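In the two assemblies presented below, subunit A is common to both, partnered first by subunit B and then by subunit C.
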Partner chain A sequence: MKAFQRILTVFLVLTLNFFLPRLMPGDPLSYLDNESPGSDSPLLVTEATRQKLLAYYGLDRPLGEQYVDYLRGLARGDLGWSIYYNAPVTGVLLGRMRWTLLLMGASTAIYVALGVALGVISAWRRGSALDGGLLVGTLALGSAPSFFVAMLLLIVFAIRWRVFPIGGASTPALFHARGVARVADVAAHMALPVTALVLTHTWGVYLTTRNAMLGALGEDYARTAFAKGLRERAVVVRHVLPNALLPVVTEIALRLGATIMGAMFVEVVFAYPGMGAMIREACLARDYPLLQGAFLATMAFIMLFNLAADLLYSRLDPRLRAT
Partner chain B sequence: MRRSIITYLKWFCALGAAGVLMSCAPAAPGGAPPGDPPAAAAQDPVVYTCPGEDWGYPTPFTRYSRGPGYIRMSFLFDTLTWKDEHGVIPWLATEWNMSDDGRTWTFTLRGDVRWHDGEPFTAHDVAFSYQYVHDHADQIFWSGDLARFERAEALDAQTVRIHLSEPVAGPHFNVFGSVPIIPQHVWEDIDDPNRYLAPEATTGTGPFTLAHYSKEEGVYVYEANPDFWGGRLKVDTLVFPNVPDVAAALRAGVIDEGSFWGNEVQAVREFEDDPSYRIAAGPSFWVLQLIFNPERAPFDRVDVRRAVAHAVDRQALVDQVTHGGAVVANLGIVAPETAWANPELPDYAHDPALARTLLADAGAAGAEVTLIQAGYDREAELIRADLEAAGLRVTVQSGDRTTVDGLLQEGNFDIAISGHGGIANPSTLENPTWPAPTSANPTYDALFTAQAGELDTDARRDLIWQLQAMAADDLPVLTLYHPLMWVVYRADAAVVPFYTSEGIAGGIPIELNKLMFIER
Partner chain C sequence: MSGERTVRSGTPAPDERRGPTLNWLAVAGLALSGAFVVLAIAAPWIAPHDPTRLFEPMLSPSRLHPLGADDVGHDLLSELLYGARFSLGISLTSSLLSTLIGAALGLAAGYHRRTGALIMRVVDVFLAIPRFPLIVLMAAFLRPGPATLLLFFLLFGWPRTTRVVRSQVMAERGKGYIEAARLIGASDLRILTRHLLPATAPIALPRFLSEFQHVIVAESGLSFLGLGSPLVKSWGMMLAYASRHPTILITDLWVRWVLPPGLCITAMVLALAMIGVSTEMWYNPKLRASGRRIGERRVVRAGSEVARDRPVGPRAPAGGEYDLRGSVHSDAARPRSAAHAAARDGALRAARD
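Right after this comes the complex of A and B.
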């Protein structure tokens, strides 16, 4: 039953992926000509040229035929040809996704670790100045939009102090660098975007951990453990934390969606070559094949994360394993 | 069970710590140390850095259709003729002559040119290139007009003859100076050039070779072609990184030049008093215009269109919206910096009272109209206020550009704000309301066709001036302003950017003419 539901979901999403971009007014060809002086070509497309190009990209055929072709292509693993980028969709997507995954992976790892650690400390020292400071600090940072924090970091660390590179994912002139030099270069370019994401996303994990820990610390088993004379640290880390982790996992799974969104804004601020700028461009350009591919990839990720959260749940909660 | 959770957590923290370490790795000054430094160079290599983004794999066919895509390709590929700051110059062709009927052009080619892969360049490559580009023009956005191309033949290794079906006025302007010459030995078996992405596809005769391209990073690295036929290059490496803010990157010394236009004049002014930077200004060959739909009331009446022309304060748009970063537009659309612009057109001075009277006389007072636009909110607000003062009732509708273009192409609008480039080239007059197909005037169209085949420059200019006079009189569009462009560059940089006469190739307003990198 669950498998059938999943298949139906996938089919629905695939169909929406196809029709939604085509519901927007305009078509992929209008974006390919003039826009602004800085990006100008002396090209005014005539109606005859338009028709030829529509035919070349198969956009003149009935929608039903295009839909069948799209599904056929998907079955073969062929996502089509991006009209704007003039390259295979799979190549464009993989090229971009590497960077977004790197950015998201690093920042998620950091903010989850940081959020859980700070949440545990906060709950443990509830009511202390430390707790209050953490609460106010994380919330204040968390309520700032990620692109705003990103711009502050950019201005202070890249433009004013010049400690970190101003943007991009690597130094162009060092394209031949390999090994340690390459890693250091990439890491230096990641530092500010990752920091921006960590600063703006830690609060969620932190708050959830703190609340769950506070609840669990009040449970009988915790009191028993303390009463047995176990060391405070052992009680908190070994007894209470594992029981408080369930809502944290939920929070992380939900937060991944927000992180993708945040990453897109941060990418734009730092001209980081991720999915964010690409999806924006693909929307503006009505690049149907690329939009289809990008939405498909995003959907695959979200379903993968949901699956991972499900699996992790059953590891964390023995009660779920029986069912 | 408990232990396994602790193990997860430890693993997780370790990962987090690794992430922190990774992201805190300090940036070495000027970037990380190079992987393999060039062996014992006598001098440091000269690197010139310009900001940019992805404009496609720089072959003639996979570059993106707009100007910057052409520019990135032009560093690798040459054309028969080229342009400098004064006009057309010989390039791969040293001389040429046109037959009396204007249909046959014979070019003498340089004999000392080799492709990047070492193969000799010959007239066969030129004949092949013209035929190939012509045959595949359907599936690419081509910025030269090859519609009148008939065939090309190599007379000998250094002479090529190009036959046209009809004479084309000033063809070196938009054809011979923009069709890139590609190597026959690389391309002859390629059926779909649109999808040919092999490294050999960038083999040209140009001053640079492509060392690195990253589509997702929007990065290009070019290296000087040591065997370039046209002389020594002033730089060893030309780099296009993607920077988030051009002015800031320029200040931070990350790039050697930055390009600005229109209301970005404010960023340019900040560099004016700084001796470390120089500024050059140029035209954008771009026009913002108010397009009327003459198939819909009230704009079906020329009096109403003229009333609008008197109502809209175009100087106020220049001052308030572009902060002085533009000039009031030529009502004949063609760029005022070119010899093609007619300087004696009616000016429809800003006169709200006259506008009111004209509108009332035309019976259009109180008419409700919808103004559509994408990204010109401030212009739209000022124009709305001007039109309401004249007696129209205006609703502004905003969309994204593709939406507005779609409505224009369908002819489904009253009045629209829309802009386009390419106005250094008089062929822009073919459809004054582009992208809307709404202007139809047989007399005008006949005049346009006549000028396109007129080989005498003075006679042609006269016809083009007549076209502009008709456009300014009939007002299918009201042109608003032409933005200006600036390049701000480091005073100590190896090269000096300049603006090309009537734009690079068919009229690209960008300063990055490959001549600036060549010792002349």
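Right after this comes the complex of A and C.
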């Protein structure tokens, strides 16, 4: 039943993904034509050329046929041809995706560590000024739109103080650099985007850890551990923390989905060559196939993370395995 | 009638619920969000100018224009105040409506088994779809006006509420006071509205708050990506226009153009989050900061302190555990633990009944 529902959902997303662009006003060719609003193309596309192009891209065929084609292509990993980049969508996506994954990986590793550490400290010292400060502080940062935080970081650290590069993923002039120089260059370019993501995403892990820790600290086994005279640190770190980490694992898997979207906005601000910046370009250029491919990939990622959360969970919690 | 009341032990008496919820988080949150709502409502009276009126472009701040003007000459303070109207208006409307729709469907789904199975099937499909990417995609293609945008948010906003409300109803339905009410002849409608509806309120409130936050942030994000409607005055659109201005990064313009709307969004979302967290603390006493500090050496050594009971207060609603932004993880069919619940609600959210 569950498997069936998942398949149904995937199918629904695929179908929606197919029909949405075809419902919208305008078509991909309107961008080529300098007569349509919002286009600064120097080309003048005649009606004959237009028809030819439509036929070439298969956009003049009945919807049903296009749909079957679309599904067939998907099965082969073929997401179509990007009109804007004039290259296969899959290729464009893969090229961009590694940068997004790099940002996500780095920031997730940092905010998970930070969130768990702060959550433990907060629960340990609950009710203290430190706890209150951490709670409101992480919440406040998490409440800010990621692109807003990114813009502020950009203005302060890259433009005012010039500590970090203002954008991109590497210095173009250093394309030949290898080894340490290359790593340092990429790291310097990542620093601000990753900071923006860490600042805006720590609250989830922090709060989940804090709540789980508070719950676990109130359990009888924690009381027993305290009562038998164990050191405070030993009880918190060795006894309580492992038990409190279960919900944190789920939270991380779910947060990854949010991080993809966060990364998208942050990339736009820093002109980072990941999927986010590409999605914005594709939006402006009305590059249907690219947009569809990008969102399909994003949604596939998120659904995969959700599935992982589900599976991981029942593995980690033996009580769930029996059922 | 009075007999019906005395059996109603499942939910705490109304006055028992008040009081301690008003801790400082809630007070700060309510004050802050209240202030924004008042400013939004009062915008036409307190805004120095009509937000659509054009003054000289790029005016520096002055008495007449405290924040100056943008690149086409809109008074920035007036835009900010009117922006609150749209940003708060659309998020309040959509979160209120989606909570109401979601709660109604959740009540129906929890009370009536057959209808419930059908509704939950739809809910599960909706919940498995990552909603923000899809809304961005839909907005990119359909270029929605405010009304269509509201519809998008509604479309993806209700299922979460339905899910948690249904779980709560199912947990509550089996309790003695409902059975007692039915035995003395209360109609389905009466049981639903007088007993089950109040019992689900603590669950619907956090959902409402988290929807509210989601829509404010989502609206600003869509605007930032260039998918908002250009005529709308909202905080998101202000940020969007500001971010596209060529000199925004190299001059001091950002201090009065980027900072105010960005801080407004942040403060409003923070205020709602604080209310959410404090509600959560109230319904789950374990999370309350005011309790004894576990792990404090003094407490541990003193036997009497250890033996003391946990802080008294109503327990979390049966089958429900709260986390931030209000999502309540619960499922009547399973043993209650924060861990379980988070996994269930968190993950693919497929039906397990």
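Just so we're on the same page, the second predicted complex is superposed on the first by the 310 of 323 C-alpha atoms of A that agree within 3 Å, B and C clash if a C-alpha of one lies under 4 Å from a C-alpha of the other, contacts with A are read in each partner's own complex, and residues count from 1 in each chain.
In this text, a residue touches a chain if its C-beta (ideal position, glycine included) is under 8 Å from a C-beta of that chain, and two chains touch if they have at least 3 such contacts.
The shown structure was predicted, so the numbers you read here are calculated from the model rather than taken from an experiment.
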(Q) With both complexes superposed on chain A, which partner does A:G73 reach: first (subunit B), second (subunit C), both or neither? (A) neither
Q.
Is A:G137 touching anything from subunit B or subunit C once the two structures are fitted on A? First, second, both or neither.
A. neither
(Q) Output check: A:L284 vs subunit B and subunit C. Expected answer is one of first, second, both, neither. What do you get? (A) both
Q. Is A:E232 touching the first partner subunit B, the second partner subunit C, both, or neither of them?
A. second
Q.
One more residue to check, A:G58. First (subunit B), second (subunit C), both or neither?
A. neither
Q. Counting only touches as set out at the top, which of subunit B and subunit C does A:I159 meet: first, second, both, neither?
A. both
(Q) Taking the superposition on A as described, I'd like to know which of subunit B and subunit C A:V194 touches: first, second, both or neither. (A) first
(Q) After the superposition on A, what does A:A109 contact: first (subunit B), second (subunit C), both or neither? (A) first
**Q.** Contacts on subunit A seen with subunit B and repeated with subunit C across the two complexes
**A.** 24-25, 154-155, 159, 166, 268-269, 284
Q: Provide the residue numbers of subunit A that touch subunit C in the complex, in ascending order.
A: 1-2, 5-6, 8-9, 12-13, 16-17, 20-21, 23-25, 124-128, 131-132, 135-136, 139-140, 142-145, 147-148, 151-152, 154-155, 159, 166, 203-204, 207-208, 211-212, 214-215, 217-218, 222-223, 226-227, 232, 235-236, 246-247, 250-251, 253-254, 257, 260-261, 265, 268-269, 279-280, 283-284, 291-292, 295, 298-299, 302-303, 306-307, 309-310, 313-314, 317, 319-320
Q: Would you mind writing out the residues of subunit A in touch with subunit B in their complex?
A: 24-27, 30-45, 47, 49, 52-53, 56, 81, 84-87, 91-92, 95-96, 98-99, 105-107, 109-110, 112-114, 116-117, 154-155, 158-159, 162-179, 181-185, 187-188, 190-191, 194-195, 237-238, 241-242, 245, 268-271, 273, 278, 284-286, 315-316, 318
(Q) Which residues of subunit C touch subunit A once you look at their complex with the stated criterion? (A) 25, 121, 124-125, 128-130, 132-134, 136-138, 140-143, 213, 217, 220-221, 224-227, 239, 243, 249-250, 254, 258-259, 262, 265-270, 273-274, 277, 284, 286-287, 289-291, 293-295, 297, 300, 306, 310, 323-324, 335, 338-340, 342-343, 346-352
Q. If you look only at subunit B, which of its residues touch subunit A in the complex?
A. 1-2, 4-6, 9, 12-13, 15-20, 22-28, 31-36, 47, 53-54, 56-57, 62-70, 138-139, 141-143, 174, 194-195, 197, 211-212, 214-221, 237, 239-245, 248-249, 251-252, 254, 259, 261-262, 284-286, 399-403, 405-407, 409, 419-422, 424-425, 428, 430-431, 434-435, 437, 483, 485, 503, 505-510
